[in-house]
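Scrolling down, you'll hit the structures one after another.
Consider the two complexes below, in which subunit A is the common component and subunit B and subunit C are the respective partners.
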Partner chain A sequence: MAKIKFKKLRLTKKVFSIPYILFLLLFVVIPLVLILVNAFLDSDNNLTLENFKVFFTSRANLIVLGNSLLVGIITTAFCLLIGYPVAYICSKMSSGKIIVLLYILPMFVNFLIRTLATKAIFIAMGVELGMGTVLFGMVYNYLPFMILPLHTTLSSIDKSYSEAAQDLGANKATVFLKTTLPLSTSGIISGITMVFIPTISTYAISQLLSNGKIFLFGDSIQLSFEQGLYGVGSIMSLVMLAFVLISNLIMNAFNSNSNAVRRSLW
Partner chain B sequence: MKKIIKLSFVILVIICLLLPLFVACNKKDDEDGGTDRLVIYNWEDYIDSDLLDEFAEYYEEVTGNSLEITYTTFDTNETMMTKVLKGDANVDLICPSDYAIEKLLKADCLLNQKDIYNELKPQLDELGIDFEGMSSLGKGSGNIEDEVIDVITDMFSAVKSKDGKPYTEYMTPYMWGTLGILYNVNIVSEEELDEYGWGVLWNVQENEELENKILMKDSVRDTYAAAVLYMKEYDLLPEGYGYEDYSIGDLINCTDDAMLSAAEKVLTEQREHISGYEVDFGKDDMLNEIVYADFAWSGDALWAIEESYDEETDEYLLGYYVPEIGSNIWYDGWVIPTSVNNKLAAMMFIEYMCQPMSAARNSMEIGYTSAADKELMRNDVEVCEFLEENEYDVDEYFEDEGRYPEINEKLGVMRDFGTRGEALVQMWQRAKSGNGVSPVLWWCLLGITGGVGLAFGIYFLVQSLRYRPRKIKPISPEKNNE
Partner chain C sequence: MKNITPVDNIIELRNVYKTYDGKDAVKNASLTIKRGEFVTLLGPSGCGKTTTLRMIAGFELPTSGKIIFNGKDITNVPPHLRPVNTVFQKYALFPHLNVFNNIAFGLKLKVVPNGTKVNKKGETVQLFRKYTKAEIKEKVNRFLKLVDLEDYGHRNVSSLSGGQQQRVAIARALVNEPEVLLLDEPLGALDLKMRKDMQLELMDMHKRLGITFIYVTHDQEEALTMSDKIVVMRYGEIQQIASPEKVYDEPANAFVADFIGESTILSGVMLEDYKVEFCDHVFECVDKGFKPNEPIDVIIRPEDLKIKDKNSKDALITAEVISSVFKGDHYQVTLMANENELMAHDTEGYEVGETVGLYIKPFDLHIMHKTRLMNELDTVITGENLVEICGADFECKTDLPEGTPVRVVIDFDDVEITDDEDDGIISATVVSSIYKGSYYQAILSTDDHYNFFADTDYDWFKGDRVGIKIAPDKIIIEKRDETEHQEEKVVIDETLTAEEQAYIEEIREQEPEEFDVVEEILEEAKEAPLLADEEEKADDQEQSEKEGE
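Right after this comes the complex of A and B.
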């Protein structure tokens, strides 16, 4: 009797996943296939490779891509440099959770409103809008995504590891470098992934905080689709996807190489 | 049995998901006979919205059926066209710009308004109404300004539908205007504008206060027009193609490779002098004196000038200037797409918009110049009263050159660029992406790697100093023995 009941339960569990699978098919897989198909079509729907030629031979497109990658790397580096100490200190304090909450607080406001407010502040301060303000906006917007996974990982590290290291005669710097840092690798990696991937595809922030003067890859894709250049736009999206996949692979490789406790948010 | 349970569960879930859809579909079908619908697809902030309710009342008065108006908006012609060309726009009326109408007409998406009129004629006679104000019925220009109709006829005479009917039978003009420079009177003087024309947007006069305080339109067609006009003014047009003899209209419609690369060059140069590109916040930034010159559409400019009036000093902060060398003249018009469901209401709405009073109210609300006949509006008692109510001097209102510029050969209409549009967009992408990777980025990258490298270097240096192997004194064997 009990056996039958159990079987039925398992059955329903499976069934419950079907709506989500349908959702994925409809809104993730089919659009991706459409993008792939579009990449090989010209404006009259004929099969062509012209779009690839247009994209890869244009110096401007490659400059924009390079700019975006650099912005992504720099934003991620800044977020890590600022976020790690914050997360580290918070994980040591008893009231750390509340302080982390304060860091996440700006995220309760819609990011467009936040960015517009940032722009207003810069204008009021007389700061000229440009690459500097764009970088600031990026770091400001994505910092919480770095702090959160770092804080989770750091506060879940067992204290006895660093105590043991101290017992064995390591000074504070060595304790940090040889125990805490390696143990928090998974947090660093999920933080980097969560910041780097959205930054290379972002477009509204750069547009708003530089009055459209800084033109990143996301802006380029948006412009292409808006102006009806679906072929080139699709190729740009594919290139972006490739970069996201590559960075994911690299991150995963790092993650499995480290012997740390694998406890990441995602 | 298990399979059946499983299957029925799946079907149940799907039905639950699709249920709202069915409900929505059904609602449309069991409408009661007395309600008609009208779906309007217009620009954002492009109508006095009270007129919508008033039109619904008027419609009920005439036909006896109540009217439910759905008003949806778009922000660029491209957004609208994507929707309409893909057949996703289930609307009765659209208000696109000049070139967009051309494109939609070529794609066979529009209905001929004269044909609709003839089809509806018996019904109209029954209702006792006629469409006198529309210009698209082949009976003259109706309530629409003759000069505007002439410009359109002139420019689009070659554009015909597939069955050979003229462009003008497919649209009724709604608003029109020019492109020009909205400027701050305290920073940019009129002499400067007279002398340098479009060059002001490149800050050729090297006005220090203006440097990096200029906004351009983040819209490829308009910015291209500005670049071409600037090149014409400063003799930068590519030589050897005979562009010197082109009229303004021909020039801004020329998308040859030579012209494109010349335009790319001047637009790239311009990046050094401007604050950025905008489509919506330019007016506000001008009013707040964040920037001092803005490449603007006349309607936006007139609206901003009204707003900039200072009661204490009785002066306007902003001014609008159309350079002598020439500019672009544009218009938006009502068209009826093939997806129309209620032809009568659509036609009646266009007619309603052509009435002098509706035209005056729309103009007042949005700042743009109505395409309705100027003299007709001026002689309309109601319109004059309305203008005076809003503290306008009637003569001043109609003689304002910003609002009613003189239409001559120096104002050119921009047409659809067809297949050359792609080349233009690619040029625009190149111009916007600039010449290379920003040096700021390299410095940041260098700084971060340097900083991290330095920190690690110091750490290892300290470590190696502290734990360097010490000399250990040999322990004497005697002591050991003890």
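Right after this comes the complex of A and C.
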């Protein structure tokens, strides 16, 4: 075509997004396509649906998946139960930011080192490694992700709302239930998203803190790839991706239902 | 107690102080508010008016003093138990609730008397119940109608305009049928036209509902238009409590005169009763009771100063026209008479440079004691010829030894203001600058909250940081008796008759009753809902869901 000519490269806002788009293509989109392709290939690179059959008929695999979801839900619940009061109290205090920082500080240490240290402490204390220790490790690792968005939301709530509620006859408990809690919904949702999604895909923590007794979905994906079962591993990755997408959709639906603070934090 | 109640007080403030970090936000505020009155707390920002309102609402606790409601002490009662409701400055409408549910918020928490029963001990106990859904719906709709927002119940508050949000905020407060409605600069965020409309609407509501309004504003015109009683405040102190007419016509001091309406403030001397000298002329006036030759402030409202022909026999003094500006319904004429600047409003314009005669009725000359004649501070000598003033040592001339308690007196003329903060011995912030005809009187707040008065030739910008210098020989030092104690005086409410005033002073001495907290009864109400309530719930649920869509 005669009409094709190169436009002069002008330095517009769009230009700045090019490096990131390239990065995304290379390290996110292409791997995803590879996973998708692998899912339909057998060990001899023939097109097959055998991988799906292997995964979905294996009882062990489905139990691992169920366990992972359960651990994710329990971890998220614990993080919320511990994180909300912490964030709430910190948002009321003038030195709250420093305390939140103290909660975040352990994150500066590599999580493997942290987890190994936790394991060492448990062993030294004579605690039997198992589900309990795995949950502890999960909550310990992901708690900051719950506190941070909650603290941001709670401390940005205008004081006048709780004053208005008090003025209209609400005692302290009612003020919390009727104003603070609904106004912090966006923070709760951000926190849940930030904790739940990584916990269902996590690996290593469960292996290390249970001496390999407890096997979660992330661990089995890792194992499949290690054993060269690329097809099954890819299927598992896709299933995981589906769960992440579903939970994201549910969270978004919640967020738009609560017209509290419209802007989402993440 | 007397049988008759000459004053039907609903709220009483007794010597209320509020201190933040050693600084008094509200100082010795004493005030009585009659049932059904429209009272305005007026003053510039930072004068303590909002703090006073917040103490009445219960969001702040007074550092000392008492707040009495219907004869009962509510000083330490938490806000949710006080029978008052507030309209907040930025409305504070709940963003997670729609208009209907915002207004219903208070009603859902409220309990109403529901007959009595006799308990096991044989005592008659008052029973309470919550409002039913139908009652809430009826009330909310009635108040939506009152504020002209009938079809807006389902709307999201963020989709409303400023004026509409304002109305929702008013409805949300009024629907609880409070005995007192507190309004914290509610019209501040609205444009001029909307503000005027809302002023009239609020006045109309006040008349129709007959409840007490306590209104906070910095807008003097708003205060003059709406109130029955104006409380003018400055630096946390009440300056004057009077009707709008009185505040305008007989301001208590130069600050009030300057703050309320336009006026010319001149320094003068009261020669004897009915004779005052200013602008190098002796005027007749209607005031008496001043000390002979006492320095005073004369206040002249521009509409009271009449411009005459210079040869007219009415003309008391002559003046030169400096400027004449058309203001729509009048000309604002600035005049110079014997080096004093005066302002007049006239229906005609004048030529600049023209010489005219001025006339003013004796009745229109408002004469006031000067708020302060000298800057006075209690301090100590800190060394040889050194005295501490506001945290810094000033050179002075004295033979008193170190550590002697003294009173320092400095004339307004002798306070030297330096443009550069570092040139002064102490720094201060300019808090006001009032033109006094031939000079400016600036008030400078030092960093330890003492206010210096200074007479200067320049108009200093409010909020500017300046330095203060005082020549050593201008610091007058008097030895002071440490035990001497200054009596805090209470500003008299000028809207009250002498009889009412006497009554108020009498009840001020009495101890108020304890405020009875009905918290436990409230708990009971939650546990035992009405049977009818349950039945209605089913179909009301549907209705309110429709409402909520």
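The definition used in the following text is that the second predicted complex is superposed on the first by the 253 of 266 C-alpha atoms of A that agree within 3 Å, B and C clash if a C-alpha of one lies under 4 Å from a C-alpha of the other, contacts with A are read in each partner's own complex, and residues count from 1 in each chain.
Just so it is clear, a residue touches a chain if its C-beta (ideal position, glycine included) is under 8 Å from a C-beta of that chain, and two chains touch if they have at least 3 such contacts.
Source: prediction; values computed, not measured.
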item	value
First (subunit B), second (subunit C), both or neither touched by A:Asp158	second
Which of subunit B and subunit C A:Thr174 touches, first, second, both or neither	both
Residue contacts with subunit A in the superposition, subunit B compared against subunit C	B
Touching partner for A:Thr12 - first (subunit B), second (subunit C), both, neither	first
Touching partner for A:Gly126 - first (subunit B), second (subunit C), both, neither	neither
Shared subunit A contacts, counted only where both subunit B and subunit C touch the same residue	174
Interface residues, subunit B side, partner subunit A - complex	2, 5-6, 9-10, 13-14, 17, 76, 78-79, 81-82, 212, 215, 218, 220, 271, 274-278, 290, 419, 421-422, 425-426, 428-430, 432-438, 440-442, 444-445, 448, 451-452, 459, 462-463
Of subunit A, residues touching subunit B in the complex	11-12, 15, 18-19, 22, 43, 54, 58-61, 63-64, 66-67, 70-71, 73-74, 77-78, 81, 123, 128-132, 135, 173-174, 177, 210-215, 219-220, 223-224, 226-229, 232
Subunit C residues touching subunit A - in the complex, by the definition given at the top	57-59, 78-81, 84-86, 88, 90, 92-96, 105-106, 109-110, 156, 172-173, 176, 519
Subunit A residues within the subunit C interface of the complex	158, 160-161, 163-171, 174, 178-179, 182-183, 185, 258-261
